[in-house]
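First subunit A sits with subunit B, and in the next complex the same chain sits with subunit C.
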Partner chain A sequence: MSGPARPRLVFLGLPRTGKSTFLGAFWALVQSPIETSVREASFSGDRSYVQRLAEQVARGEELDRTALGADDELEVELQFEPEGFAQLAIPDTSGESLRILAERRIWYPRLLAACSDATAILVFIHPERLRLPQRIAIAAGGGRAEPEAAPERAAGGLEFHPGDPVGFQAQEHACTAAELIDVFENLAELWRERRPIRVGVVVSAWDRVGGDPRPTPYEWMGAWLPGVLATLESNRDVADFEVYGVSAQGGSLAERDGLLAKGEICDRVFAEDRDGRAVSLVDPIRWAIWGS
Partner chain B sequence: MAELDELARELAAAERLASEPHEDAAAAEQPLVTVEDAMTLEQARALSGRRGARLVLLMGEPATGKTALTAMLWQQFLERDSLAGHRLAGSRCGRGFERRAHWARVAAGQAHARFPATRPEDEGLLHLRVSRPDGRRVELLFSDLAGGRFERVREGQPLLEALPWAGRADRFAVVLDALALSVPGESEIAVTRARRLLLALDASGAVRETARIALVLTKGDGLSESGAKALERHQPELLAIARRSDPEAVGVGTAAVALVRAERQGLAEWVSWLCQNDRPRTAMAVPEVAPGRSIAAFRA
Partner chain C sequence: MRAAHQFLFGYDDGHRLLAGSRDLPHATAVALLSATDAAMANGTAPLVTGLALRESAEYAFCVTWSASELPRPGAVWAHALVVGEAELAEPGTLDVLLGLPRRPSRDVAYLGSYRAPIALDATAPRLPGYLPAGPIDREALTRLAFAAYDPHSEGTIAHEDLGGAAKALLALWRAQWPALRGAFSFRTREVVRPGTRDFDLTVTRKIRGQGGERAPVTAAAAQAWLSGIVEDAVAGAPTPLRDWLSAFGPLEAPEPRRLAALAKLWPLVVARDADGARARLAEDWPAPQDGAALKSVLFAPENADWWSG
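== the complex of A and B ==
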């Protein structure tokens, strides 16, 4: 009989993209008798860190920012139905460490170590914290310049006041897509000897994504980050790719009372697969471990 | 405020980690394969040696739209899933593309897209990986050179003296500025300058039998009626010169930075031309594998 799988997952995302919230909600589901597809197989080990995250999610609290030098890690043996046992390790990497890689162009040692050992990566993207490559379009007839129309994207539009040219500053102006493509290029190099690995994109705060009908997670990526989607799909030999939309709080923390009125975490949270089908919040991790 | 202070301390600590001896120093020293801006020849050699790469030499005088053409191809790939079935597959120069594309974005604070001239110190190669409709990935290395180099070539400096590595190029794109073509008095000058670059290319012997040449019209949406007539009049002759070195040379019209609220034009044709197979070496077509020749033989 073969032993348990030994996946090492890395949650990758810029600050405040929902990594710790997702981890807390996931842990709450592992504990919940309502969620039957996964359970804790061994009770031993220090769970204080994830337990604290789960409790903050349960209370509808804003989670503490993961410190750059934090060395918290979830290491636990889980049983997934029907796949089997997995000795899962998820180091909680700080969003700042990815920012340092993307903007300052330095591998933070802990992030490098985590990515080097990873069997799969979940990339977190917050739909309201994207820097878009918004180009200038000039109104016909030589009128004033306006941001390029993107009605399905920029609800409310952008204020635009042409004045003195503003020089390029990568930390302010490099778009999210360019940063993610840059990161992927470096990850692909790290994994050169052991491809393909799994790269899942988790669009967090999925409850805030609007539209009638609301796009599927795959359609959302195609509309907002088409260059990233194309890059991931064009490198299947480097990484298997999947995308999910998740709401790991189940709503807005600004409306905490209403949020808590929805019930326990397992009643509030929800997730969708690439086609918009409702799935368990556990599914991104299940896919990262076991694949499709 | 305290949080910002804490963050500043953490960032400073991270930079120290990367620069000072540390138990994790070996990890921190893992080099990035992506570059800060454009690639040097040395970096391009390293990439090409492993993956094979296609070198694209954009030839044109200052302010003819060479940089804009390259930057807007990147921009288009960030906005659209595909271009004539071609999809973005990565880049090691994302930061360099962003720096150039910035001047066509709202964040630059300009009323119109206006690209600064490429300075000699900013010259380099911009890497773009494109997946063709057949799934094959093509590594493109676009030259981004100061237009002044081509003024000297037009004035008589041999191309291989101005650019010793030009003989390793796989695609030569000679740029013709449609706006200049549309201005009485400038039109003839623009045509003459493009003609002289094509003649210099022909005289240099730099075009290998598998390489391709295109005459690329930039700023095509600014083409006036008189400009269109000038193009109609002169393009056949310009292409005839190009076809001395590449019998399959083509003209590609582009409007990479749309002047009016309109779609960019010609980028699909442009990327299709860049990614199509090299010309076969013999009369019998040879199926192309990875670009066999590497720019590892570049002279710096």
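== the complex of A and C ==
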């Protein structure tokens, strides 16, 4: 009899794309008696970190951001029905570490270690936080006016201040699609010896995506991130690809009372597969471990 | 004019460099992003970080504050000061440096004042604003010194009062000889994973997977060599041990365990215990050429009367 699978998943995404929220909701489902397709098979180890995430999701709170130097990790043995046991490890990587890779072309050590060991990647995208291509304008006068308000974006584009002692870095303002394609190319290089690997795209806050009819997750990618979709579709030898839409809170945190009125986490979260069919929130992780 | 370059980090769709007095190489910028970002609960004492920037032969001293006024939970502010080795060498300049970190004000997050270097010729504050008032906690200092310098220490200890620990840690750092000070990386943090060795000394409220239990202070306090280090660190003026370390420390590798070796030898010299000093030299400077200047000074024929006197 073979032992349990030993998948190592990595959640990748720029800041505030829902990585920790998804992990917290997933853990809440693992512990819920209503979700019968997955359960905890071993109770050893420190669960305080992921338990805190699950509790914050249950209370409808915005989760604390993951600090760049954080080294939290979910490491647990789970039993999936009907696939079997998996000794699952998911390091919680900060969005900033991915940004460093995309913008500065440097692998942050913890991210590099996580991706080097990964058996699958889930890439998180928030539909309301896509960065689209912007115009760059050179500000008149060179230097910045004082006083200047804290971080703000110039209306309709970015201002480039030649007199600023910290030089303007165009790559810090690249659009989301360009960053994700660049990250994929870095990952492809990293996995050169063990292709293909599974890459799942998780479009978070799926409850915010509108339209009549609402697009499927695959259609949404085709509409908003066509370059990313084309890259993944044309590199099947590098990565098996899947896409999901998930709502790991089940609604907007701005309407917290209404959100909590929907009931427990398992009552309010939902997910859709690439074709828009309702699936369990567990399914992206199930696919990442076992494939289709 | 001696000056420190400054860099303000904070939340702007992620933890970012918001303003600075000069450009940073990518690797240094990433190192500072990491060093200035940390998980902080509301009410946590400001976190201190010292980071040796070996590639540029510089040093970064950083303080990180919780930014609870910002809408994103877990956001922090951090002010990093970067200086060269010369700025770290002078105690007066060092004291000015330690007083420079300042948290952006709540409603006037102007960045302009963070875009120029800061002169280090000002008067040092009596107490930097990010440190608690009151005397240095000697028990904490003893445990920190043991964790930092003992060759068998893992360099990480749990301590509940991070503000008090920061104060003790900076006193310990300040008492090192300049080359060691410039190579010694340290930090205070809310929580760390065991086995992390990126810093010479980490003080944390919780070591993940452990109950935050503290090493028995008696184990550290029982070691005589530590008491001299503690007394020196809390003293207002240099002590004979500081003079000893200043004289012979620069001849050693800038490593924490070398300070321990010198500190263990010092009580034997004071006690005029020649046999004990020889044994200590044989243990910590075993090869004939190791510590040649030290051995020469201690046991040159012209100094023989020291041991008999």
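Rule of thumb we're sticking to: the second predicted complex is superposed on the first by the 252 of 292 C-alpha atoms of A that agree within 3 Å, B and C clash if a C-alpha of one lies under 4 Å from a C-alpha of the other, contacts with A are read in each partner's own complex, and residues count from 1 in each chain.
We adopt the following convention: a residue touches a chain if its C-beta (ideal position, glycine included) is under 8 Å from a C-beta of that chain, and two chains touch if they have at least 3 such contacts.
Just so it is clear, the model here is predicted, and its values are computed rather than measured.
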item	value
First (subunit B), second (subunit C), both or neither touched by A:104	both
First, second, both or neither for A:226, with subunit B first and subunit C second	first
First, second, both or neither for A:16, with subunit B first and subunit C second	second
Which of subunit B and subunit C A:95 touches, first, second, both or neither	second
Contacts of A:203 with subunit B and subunit C, given as first, second, both or neither	neither
Superposition-derived comparison: subunit B or subunit C, residues of subunit A touched	B
Subunit B versus subunit C as contact partner of A:68, first or second or both or neither	both
Partner chain(s) touched by A:164 [first = subunit B, second = subunit C, both, neither]	both
Subunit B and subunit C footprints on subunit A, overlapping residues	65, 67-69, 96, 100, 104-106, 108, 144, 147-149, 164-166
For the subunit C and subunit A complex, residues of the former touching the latter	10-24, 26-27, 29-30, 33-35, 37-39, 72-76, 104, 108-112, 115-116, 192-193, 196, 208-209
Complex interface listing, subunit A residues touching subunit C	14-16, 45-46, 49, 61-72, 94-96, 99-100, 104-106, 108, 129, 144, 146-151, 164-167
Complex contacts: residues of subunit B adjacent to subunit A	3, 7, 10-11, 13-15, 17-18, 22, 24-25, 27-28, 30, 32-34, 36, 75, 77-82, 87-92, 94-95, 97-99, 101-114, 129, 131, 137, 258-261
Contact footprint of subunit B on subunit A as seen in their complex	65, 67-69, 96-97, 100-101, 104-110, 112-113, 116, 133-140, 144-145, 147-149, 158, 160-166, 168, 170, 172-175, 177-179, 181-182, 184-186, 188-190, 222, 226-227, 229-231, 233-235
